[in-house]
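You will see two complexes here that share chain A, one where it goes with chain B and one where it goes with chain C.
Here is the complex of A and B:
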């Protein structure tokens, strides 16, 4: 009886292991608002599945709920990597409806957007704690990366031992400074790209396969 | 009783952990945040403390400091010793009266219940939970809208004008102002996961949001919020 039980246990351990290896890794796309997270998520999803993940906008906090694209198969060097992409709302420590008023929005809509954005940040932080196996951290390479939010999030990701890929986005803009991003997080590799223009996506996919495969 | 189950009406003290796994009576997971001023049937203690703040012309910000004055004064006594030159040597319970030293006799004459009530309120809060809860309570009390404060002030003004005058006098000394600012900074650092500064303006404590097992899935400007319970995900407590 004992022998049978232990045999059954070891078989189920092996099968569990096989399924766990097959299960796609859930990769969260994190970063501050307007870094280009949704543009990147759409670029990846369109390149490999033909679908988009969500609407992009120059107005901050366009993504106010985490959106997931499952079973994105990326082929690199004859190897297939399957991931679930989670596009998360931009993380910030302050949300103020006044910043939306400049974008032709009336006060009521701005206040609602602000509240939803706040709920979105709560959701993004919750996903980070519970539900992601790896992180693609997207930064706008035209802005200063030394912020409280970036430092805190990268710190959390490191403390969780999650594999993290740092992307310096918006290299198509004249004032892009990739080196500034690399200097801010020297412990991580920084990959430059323009998600909007599709520049350097080959390297991004190679790194995704390497980090999350 | 700042939290009330909106299903069955059961109330919970601030910082109560009971509600974290749903209302024990009905299992509901929607709660309404009721600031003390509005929840208590006998608002004697609150209005007497609240009107002091509008009267001090510092807007709604010092409300955070208004609720637990004895508690915080005693805790931050050593830090606030610089602004108040002669009054700090007594860092324990005595610091509050010491602040108001010059008018202590006057105000205690006029408002004897006024000085005892906040102590009762504070004692009640200490019974409710740990010391952290009083900070949370103060931070949350910022949610009270200026309208509600004004209303409370007016009620207090009509019912007991003497005490409200005494209260406003007692908070007047500008020497205590730096202490209030410090206290506010301290509270801002301690606020819970999401602080509603005003409708549409929020401050988020990312570490708090990350650390908490349940998470806020819906906010409303009136202080109501909906949280998803860990039980609903089938996750056991750590």
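Here is the complex of A and C:
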């Protein structure tokens, strides 16, 4: 009886493994607010499915709920990689509704936006601990990457042993400094891109296939 | 509870200055992750600066961000400012630690209310912050 149970368990583990290998990997797009995460998610989704993931905006915390685009098939060097893209709200340790008042919002709208933003960040942290198989970490290459949020998030990703691809976004801007990002996280490969202009997306897709395939 | 915010002399007027709680690694050692987060957030929500001798693990940091977000409320609490020394490029874990999955969390950490603490400069050897009164 024990032998049969053990045999059944072994077969179950093997079949589970086979099916798991076919399931799309959930890849979370993480980073601080306004790094261009949704622009990247939309770029990837449009390039491979024709649809967008969500609205983009220069106002911080435009994305306040994690949004998933399922079954994005990326073909690279004759190989197909299927991923679910999870576009997450920008991670921060503070949200003050007064910041939104500068963007032509009344107090009621600003308070609502800040409340939704805090819920979104909490949700993003939960996804990171429980529900993603890999991370694309997006940074704005025109800003200082040595922030506590970046340090903590990269540390959290590393502690979970998740494969992580660091993207230095906004290379179309004059004050972009990709090397600064490479210096901040030398233990990871840094890939430059402009998600807005679609610059260097070929390399991004090659790396996505390599890291998450 | 051993992790509760330490008692202070109620005669002290908090408006006279900024209270700093320096919490030793030994005090944090016996606490669960949630007790540590509660200890930090209770102090910070009272307007104090909390300095941890040995910091938090990545998992605890993740939960600290999550719990902080759930406690933010307009005109009351806008969140936290947190600073640690950045990890050196070579990493601070030995090969054996990495192999055994042991995380080195010994990093001095400064946490304060977002509306009262501002980081002026940070590098691998120095954290310089400006703390304002209430």
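Basically, the second predicted complex is superposed on the first by the 203 of 213 C-alpha atoms of A that agree within 3 Å, B and C clash if a C-alpha of one lies under 4 Å from a C-alpha of the other, contacts with A are read in each partner's own complex, and residues count from 1 in each chain.
Basically, contacts are C-beta pairs under 8 Å (C-beta built on N, C-alpha and C of every residue); 3 or more make two chains touch, one makes a residue touch a chain.
Note that the structure is predicted; figures quoted are calculated from it, not measured.
Student: Chain A superposed: clash or fit between chain B and chain C?
Tutor: In the superposition, chain B runs into chain C.
Student: Does chain B (first) or chain C (second) touch A:146, or do both, or does neither?
Tutor: A:146 contacts chain C only, not chain B.
Student: Taking the superposition on A as described, I'd like to know which of chain B and chain C A:187 touches: first, second, both or neither.
Tutor: A:187 contacts chain C only, not chain B.
Student: After superposition on the shared chain, which partner residues are touched by A:126: those of chain B (first), chain C (second), both, or neither?
Tutor: Touch partners of A:126: chain B and chain C.
Student: Please work out whether A:114 is in contact with chain B alone, chain C alone, both, or neither, and reply first, second, both or neither.
Tutor: A:114 contacts both chain B and chain C.
Student: Quick one: classify A:158 as touching chain B (first), chain C (second), both or neither.
Tutor: A:158 sits against chain C, while chain B stays out of touch.
Student: In the superposed arrangement, which partner chain does A:92 touch: chain B (first), chain C (second), both, or neither?
Tutor: In the superposition, A:92 touches chain B and chain C alike.
Student: Kindly list the residues of chain A that each of chain B and chain C touches, one partner per complex.
Tutor: 91-97, 111, 114-115, 118-119, 121-122, 125-126, 128-129, 152, 156.
Student: Quick one: which bits of chain C touch chain A in the complex? Just the residue numbers, please.
Tutor: On the chain C side, the touching residues are 57-59, 61-63, 65-66, 68-70, 72, 74, 78-84, 86-87, 89, 91, 103, 114-115, 119, 122-123.
Student: Help me check something: in the complex, which residues belonging to chain A touch chain B?
Tutor: Chain A reaches chain B through residues 91-98, 107, 110-111, 114-115, 118-119, 121-123, 125-126, 128-130, 149, 152-153, 156.
Student: Per the contact definition, I'd like the list of chain B residues that touch chain A in the complex.
Tutor: Result: residues 193-194, 199-207, 209-211, 215-221, 233 of chain B touch chain A.
Student: So in the complex, the part of chain A that touches chain C is made up of which residues?
Tutor: Result: residues 91-97, 111, 114-115, 118-119, 121-122, 125-126, 128-129, 146, 148, 151-152, 155-156, 158-160, 184, 186-187 of chain A touch chain C.
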